[in-house]
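The same chain A turns up in both complexes below, where it pairs with chain B and then with chain C.
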Partner chain A sequence: MRRHVLTWLLTAALLACAWMVSKAALPDSSTIEAFPATAQIGEETGARNLVVTVTDARIASRVSDAAGWTADGNWLVIDLEAAGAGEHGPSALSLAELTIGERTFSATERGTTFARQVLVTGVPRSGSLAFELPDDETRETGVLRLGIPTGARGEVLLDGVIDLPLDLSTLPVSSEIVLDENGWARR
Partner chain B sequence: MTIPPPPVPAESSDAPAVAARAPGWWRRNRLALIALVILVPATAAAIGWQEWYQYFGFGARPVSAVEVDEDESIEFAGATWGPIRGGEIADVTGLDVPRDSRLIAVAVPVQASTEGIGCATPTLVEQSTGRGWDPVRDRIGLEYDSDEPTTCNSSEAGDYELILPFVVPDDADGPFWVDIMPYDAGGSYLRFSFEP
Partner chain C sequence: MTGADESTEGASRAPAPASSSAADARARVLGWARRSIDLVPTSWLITGAGAVLLAATALFGGLEAAAVDPIPVVAVGDEFVGSDIGMTVTGVELRDDRGEMALIPDAATGERILVVEVDAVNRFMLPRSAASDAVVSPTIDGIGIEGLDEKAAVFRAGEEGGTPILQPDVPVSLLLGWIVGPDDFHDGDEITVTLPDSTHGVGSFVVRGDYWDGVRVGATVQATIDEVVAP
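For the complex of A and B:
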């Protein structure tokens, strides 16, 4: 009888251990995840292969670019300066995503924006990124992630990225924003 | 009726002596251990080679540099390259060059055979830090000009010159390398020394 009790106790203890291990274990993808560096608006932040300064973040119901393209919607516009860094490699700022809750939005490829801009090592370029959001998403908080993908699928794996936390409800709202033209940041 | 007890094997008097002299675990498993010593490194080598080969293959990526001094030319991959020349452009009026940076232009003469030769876009690499730059012709306000190509084109035969404008930060003083990676050159590429 006593032996039975011991066996069951041991079983319960082992099951509890297994449950705790499975809860404590990081997800499978954590072995290849990116290393985020947290940025603030107006502050220069560096990762292994890029240096970014987000100069402004605003919300508008209409955006236009210098070439005359316009679009109505619920837009988040990010003005930024970015330069390449470190050893030579791919240098296009192709990862520009805004994560709000469980939803992730990519920077728009419409119009002329800073999306997929090819960066120059040590010499910053500037421009604007635009995100078209659903109407209900401007009261939330989100994280803007910027990076240079070196792998195949446009993802940054095991490499530095820059994360900028944004409280969308506190951002200034205007009726129309003209996107900055892409160019050198220091003319 | 009960089951009779199973017969007990007769105890041999010299059994303990045999057990004492019995070969040890290491000796009994020596064949397997030797196999392990050979197979573990062989497995590591095979997996390592497979991974390396998948990435680099034969000539899939240029990995070994063929260095060329500043005033020399070289025959490589069916064409003659160099000697390169160039330097910092002091007068940048009319060009879109930012503050705190320098415009460095490099000319690379290419004598392609009648078949022509293609290459990846050449890069400028700072020797001391490994930082690199791609040509930025479009971003300094220059239109494409077929007389001043920034990369070698396999449809272009005969002699021509690559004109490579680079914008580098003020703190990049050189010396530099100009790396040119012709296609079909195996795993090698050209690395010209260059000091502006």
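For the complex of A and C:
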């Protein structure tokens, strides 16, 4: 009788262990994920191949660029300075994503913005990124992620990225923002 | 367990007069059942089971081809959600003026642009391109016109630029353009616009990320061509 009880107890314990291991195990993709460096507005942050200073983050219901393009909507505008770092290599700032809750938004391809800007090693360029968000986007917290993708799908794998946590509810709101022209950072 | 079984069997066989009547009846019924089952040959049982199976399939239509759900027909101005993208065809126009679209019809041969106006909303949680490299596209450029084999070029309405990226839950007005011959389509023609649908999959092991495959026609729209004459 005692042996039966022991067998069942051992089975239950092993099943519980297996369940915990399956819960604690990281997802398959974790072996190739990016290494985030957390940034703050106004502070210079570096990853392996990228140095970024986010200078401002604002919300507007209308954006326009120097070339005369304008668009209405719910826009988050990020002003930043960015330079390549380390050895010269692929250097377009093609990964610019904002994750709010479950949804991920990419920097808009509309108008003339800093999206896909080619960076120069050691010499910062400056400009604005714009994110078009849904109207119902509750002004929660989000994370802006910047990186230079080397993978095929525009992802950064096994390389540094810069994460900037943003509380959208505290950002200044204006009616219209003129996006910074892409150029050299003045410092 | 086995010890317990033996003890109950022993009890039922024991000629204990007080509690035996119920047990006796049970044993008699069981014995009768066993004997009657033994009377039925096994092949009869198999044949019977086969007959039941056939009768059940016949009940659900037998070898008749299963009914395929008809492809829904959506009206102009109504939304259809396929491939996790909400698509609303708002109009079909035949234009001479290309506007902001990067499509250059050959005016010398009288080529024109057939434009399908679509309002689209990305109902997925990641940004998605309005065009795909695939021959049969699951996304916006998978919207087709019956009788035209080519894929459309996709643009934002009233704006220059390349392939639009659909941000989650941000509505976009798009134009799909085809360069057509002078006599291919006319004002007032009824055409059938096909909207794509597909199955979302998440890559594992070799494939990474989200993908949409099994592209099929999810809905059709009957639309009338409006001719827009260049001023």
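The definition used in the following text is that the second predicted complex is superposed on the first by the 185 of 187 C-alpha atoms of A that agree within 3 Å, B and C clash if a C-alpha of one lies under 4 Å from a C-alpha of the other, contacts with A are read in each partner's own complex, and residues count from 1 in each chain.
Rule of thumb we're sticking to: a residue touches a chain if its C-beta (ideal position, glycine included) is under 8 Å from a C-beta of that chain, and two chains touch if they have at least 3 such contacts.
Please read these numbers as outputs of a predicted model, since none were measured by experiment.
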**Asked** Is A:Pro134 touching the first partner chain B, the second partner chain C, both, or neither of them?
**Response** second
**Message:** Looking at A:Pro165, would you say it contacts chain B, chain C, both, or neither? Reply first, second, both or neither.
**Reply:** neither
**Prompt:** Should A:Val118 be classified as contacting the first partner (chain B), the second (chain C), both, or neither?
**Reply:** first
**Request:** Tell me which partner A:Pro90 touches in the superposition: chain B (first), chain C (second), both or neither.
**Result:** neither
**Asked** Of the two partner chains, chain B (first) and chain C (second), which one does A:Gly73 touch, if any: first, second, both, or neither?
**Response** second
**Asked** Can you pull the chain A residues that chain B and chain C both touch?
**Response** none
**Prompt:** Which of the residues in chain C come into contact with chain A in the complex?
**Reply:** 125-127, 156, 159, 161-165, 167-170, 204-205, 208-209
**chain C partner contacts - residues on chain A that touch it in the complex** = 28-29, 69, 71, 73, 102-106, 108-110, 131-134, 136, 153, 155
**Message:** Applying the document's contact rule, which stretches of chain B touch chain A when the two form their complex?
**Reply:** 96-101, 123, 125, 129-134, 136, 139, 167-169, 171-172
**Prompt:** What part of chain A is in contact with chain B in the complex they form?
**Reply:** 85-89, 91, 118, 120-125, 183-187
